[in-house]
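Next up is a structure, given as structure tokens.
Chains: A, B, C and D, in written order; residue numbering restarts at 1 for each.
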Amino acid sequence: MSFTDWLKGREQKARGAADKRAVPDGIWSKCAVCGHIIFQKEILSNYHVCPECGHHFALAPYERISMLLDDGSFTAIDEDLRPQDPLEFDGRKPYRQSLNNAIETTGQREAIVTGFGRIDSHRVAFGVMDFAFIAGSMGSVVGEKVTRLFEAAMAEQTPVITVAGSGGARMQEGMLSLMQMAKTAAAVERHNQAGLLYISIFTNPTSGGVLASFASLADILIAEPKAFVGFAGPRVIEQTLNETLPKGFQTSASMLEHGMIDMIVARSALKNTTAQLIASLGYKERSVV
Amino acid sequence: MSRRFYMDFERPVVELEERLEELKKHPAAHQPDIAKEIKFLEAQMGRLKKRVYSNLTAWQKVQISRHPERPPFSAYLDNIFHDFIELHGDRSFGDDQAIVGGLAKIDGRAVMVVGQEKGRGTHGRLKRNFGMAHPEGYRKAGRLYKLAGKFGLPLVTFIDTPGAYAGIGAEERGQAGAIAECLRTMSSLPVPIVTVNIGEGGSGGALALGVTDRFFMLENAYYSVITPEGCAAILWQEKEKAPEAAEALRLTADQLVQLGIIDGIIPEPLGGAHRDPQTVARQVGDSVIKALGELSPVPAEQLKQARYDRFRRIGVFSEGKESDERANRSNV
Amino acid sequence: MSRRFYMDFERPVVELEERLEELKKHPAAHQPDIAKEIKFLEAQMGRLKKRVYSNLTAWQKVQISRHPERPPFSAYLDNIFHDFIELHGDRSFGDDQAIVGGLAKIDGRAVMVVGQEKGRGTHGRLKRNFGMAHPEGYRKAGRLYKLAGKFGLPLVTFIDTPGAYAGIGAEERGQAGAIAECLRTMSSLPVPIVTVNIGEGGSGGALALGVTDRFFMLENAYYSVITPEGCAAILWQEKEKAPEAAEALRLTADQLVQLGIIDGIIPEPLGGAHRDPQTVARQVGDSVIKALGELSPVPAEQLKQARYDRFRRIGVFSEGKESDERANRSNV
Amino acid sequence: MSFTDWLKGREQKARGAADKRAVPDGIWSKCAVCGHIIFQKEILSNYHVCPECGHHFALAPYERISMLLDDGSFTAIDEDLRPQDPLEFDGRKPYRQSLNNAIETTGQREAIVTGFGRIDSHRVAFGVMDFAFIAGSMGSVVGEKVTRLFEAAMAEQTPVITVAGSGGARMQEGMLSLMQMAKTAAAVERHNQAGLLYISIFTNPTSGGVLASFASLADILIAEPKAFVGFAGPRVIEQTLNETLPKGFQTSASMLEHGMIDMIVARSALKNTTAQLIASLGYKERSVV
């Protein structure tokens, strides 16, 4: 099983929606982790977290926006950026076809939504990735949108918040994808050197070229509970080592224990925590620099 | 003779080479008819080599880039640089032998040089972890980048890695973060940076040495977002499709020049760099020296801006109303 | 009643306390003669406490500073600060629980707060390694210092450690270098720094949180170049001389005010901070708030210069011709 | 046995001179490590290194100066700084007495000699510690002289080279000694921020408060072979852990392996290496900053 398959498995497990049924009282789902039966409105009121086991189901970008940003405050930017097929990449499935499928399934044009909004009235530049769009992979469009987001935030002197969920760089755009790592890292560094705040939130899963570029370069790194967070896929590591991995390896808890992230924050507390961080760090007195 | 390592597609060349060597060793090698055959075979050899090596597929180049006799970073260090003083350690955990760096002079100019070293021989390869660095290797690299920045020394980097190491300790000590920090540091370094990919350019683990002002590749080196095998396993669901993946990924030097991602190709002798390491090293040296000469007069702020712009413009996408599409292909 | 922990010199106080409590629990406690005795003993108690605690030796203070019930950093965090968000990890190896830090507010002002935490109870103490940090703890502290610097947040630090941890891993991961980096970072941080030593101030491991603009000590805290036991072992060749060493090292708050090394003493109730943690915390809070109020209007360059000068002038030596000696004792 | 005893034992071992005899042919010593008999002039011509086992004998400051700096180039500064006894410290032996003994034995006024000199014609600020002076411990005078050295180097825009050999902070000056760590670290950092080069050389032994302050904050860290380099004394660690320490622990080789130093350089190569480093790093073109 490839890393992407493995991730997709996790993803499907994570979407209670996969197991959605209608009964007279309403629509219900079954938590893929604990088996608990949950009514849809209960899921919605509980931040898409299983009330039984605390599993954090995957979110679509606009669900995330509605949970994290002030109501109606978000305005997308660069919505009209669309992927091309510069390598005319033809694997088992042509890239064009993968793109069309992803666009159809998610209703998005690419694996990230970027724009400006408010968190507890603080204006922020905001980007949220969509793992459902070709495993949240970063190709030219994701790289460009992330870079423009940081540039726009610099122009406006606002903090940036990103929510990552990604399998890594997008293979089908080859080296153009790898170069987005350099491009986004450079943009983050400029924003950093301007003294501005960047908060990066890792959701399940965050890995590969996204974790090894912009997403790791924030002032504050937050992970959702029980998220997969790691550079290499566990299958790759198992093949390298020819042994099974320790329990809890590459989870947000392990990342915290090994000093890689600042904190794990449950989805229900994410908005408050983020707002508090921005209140402390987001608008410094320039005089002290 | 001890059998040399060769790749499948090289078999006819190697067989002919072996026959030639045998003939030359023959006691009667000076007799006219044998001498004549030797001459004939040598002519044939030239044609054969050209046929075999002139139109290599992407996958064949990947194989050459991994040739066990291919000159590693240390060969370039020895041949191009002088007065090398190795600087060790990340100052917090270890000294990763997969990345070697230090102060050196090239053509009389003091530089910081950092490269991935695959090692030679079984012992050497193990010691170097086959050129696959752990986080401490990237942290050492980052420390040397900053040292170069502090002292205004140009930075020369050499890429040759299948990728960053994928292992438990590497993950636990923050492989992704260590690579990201290298990207960040290079992107804002106030000194000229010149990079040569001398073999394998495996993904983020290679890019951590490649946020640069000039990027050269040896003719048979590759640079890829993922190894062909990895790509085949994921997209074709079978590793045996690696040759197809290599083709699809556009990972060869000439394809990357076309994509606007690298600046120049340094030629190799027919068959690969290991067939004439000295000449290849000399040419690599010439390219580095020339690039340093061009970049050194440029003020730091301008260098940094140009480096930012260099990566800033990479990417292919369309923008605007679908009916009125304006594609960004500035780099192609 | 469960026996409380007490130090040798406290025995008379504890015995009297126990007798008093017993009497008060007596069914006939309200009877005139017993009530009278209680009253008498209570008066005696006040005098006894004053006698025992008012003229503590240096060694007795060291013992109080190590009292197992003495309020640790977390008590001050809870009582003085609000909206605390803990920030974890050094971003390269681990999250050392012996040092706790993060964003918080004090009196409505956002600050970065970093302190050594000894923990409570056996489990808590083990988890916190008794407040003895590894290099990753100091690297976490250094990371938070820099974050405070980037965002212009005042830094408040709390010292309470017997010393940096002395162990194999700690040495191998660079304990000395990690501490030195903290000194370097604090010395040039462009924000106000206020430090409170709430218990043990053990050598370099304490100083890594103490390159500061204002240094306060609790009345019974100590701050020393070496633990009294360590000093006794080296200079007297016997650990039992720790009380003499404590005296000789001049490690108490009042002695350090005299030496010009600290700025102020925060009083403790008779017997030590653990006898009234709330009041002590309130007084610590007041001192911190006042110092932040004084330092906050000062421009960054001026702050840094004043901090440099503060340490620059510490030292006692003579200079000039021996006959015409001019001693530098500006700090005494 | 205390750390200082242990260090002293090493020190005595290290000084072949302790075992010096006169025979008709000249003066000879016995290497305390391998037992080899060495004539004094052989020691001198071999950089005070045992020709048999490579052991690096301890050097007096002026021996070090003559080996590392160009002949006659050194001029001392701040020679007239002398220690006081601010705490009137009275251990088993009064501090005054320890000082007088040290002054008598070493012929030095304190545990460091500082000044300016040339290495292969490059002008440098130079400081060398003397372990024979109260275990090379740092009190007010050492701290002051180190600080003045860095300040003078900043004024002259020259590199600084220090040769450390120290048991740590000087207990007998109490907290005044600990404060020298902060003072020297701050001076190093100013020199660093001015873009100037600092090379620190660890000799046997370098430990405690000297290793945990200025000596570790150099751009380039070099150790002599087989030197003890560590923060805490091995006895302290053994007591903490209640077990014996791994072989080679806290040696320069172990420091190199664990990434803490740039290189190990034999005494015979030290001048050349230092000169080469200064040639590359010491005189940068200011334009690039």
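The rule we apply is simple: contacts are C-beta pairs under 8 Å (C-beta built on N, C-alpha and C of every residue); 3 or more make two chains touch, one makes a residue touch a chain.
What you see is a predicted model; the values in this text were computed from it and never measured.
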Each chain counted as touching chain A and chain D at once: B, C
Chain pair with more C-beta contacts, A-B versus B-D: A-B
Rounded Å distance, chain A centre to chain C centre (Cα mean): 43
Euclidean distance of C-alpha centroids - chain B vs chain C, Å: 55
Between chain B and chain A, distance of the C-alpha-averaged centres to the nearest whole Å: 32
Chain B residues counted as touching two or more neighbouring chains: 91-93, 173-174, 177
Multi-chain contact sites of chain A, meaning residues that touch two or more partners: 192, 258-260
Chain contact topology (line, ring, star, complete or other): other
Each pair of chains that touches, named by its two labels: A-B, A-C, B-C, B-D, C-D
Residue numbers on chain B that touch chain A, as the complex places them: 164-168, 170-177, 179-181, 183-184, 187-188, 203-204, 207, 210-211, 223-226, 230-231, 233-237, 244-245, 248-251, 256, 259, 261, 307-308, 311-312, 314-322, 327-329, 332
Chain D to chain C touching residues, read off their complex: 2-5, 78, 80-84, 86-87, 89-93, 140-141, 143-144, 147, 169-183, 185-190, 192-193, 207-209, 211-217, 230-233, 236-237, 240-241, 245-246, 249-250, 254, 258-260
Chain B-facing residues of chain D, complex: 192, 195, 197, 219-220, 256-263, 273, 276-277, 279-281, 284-289
Chain B contact footprint on chain C (complex, rising order): 91-93, 135, 139, 173-174, 177-178
Complex contacts: residues of chain C adjacent to chain A: 83, 85-96, 103, 105, 110, 136, 140, 147, 150-153, 190-191, 299-300
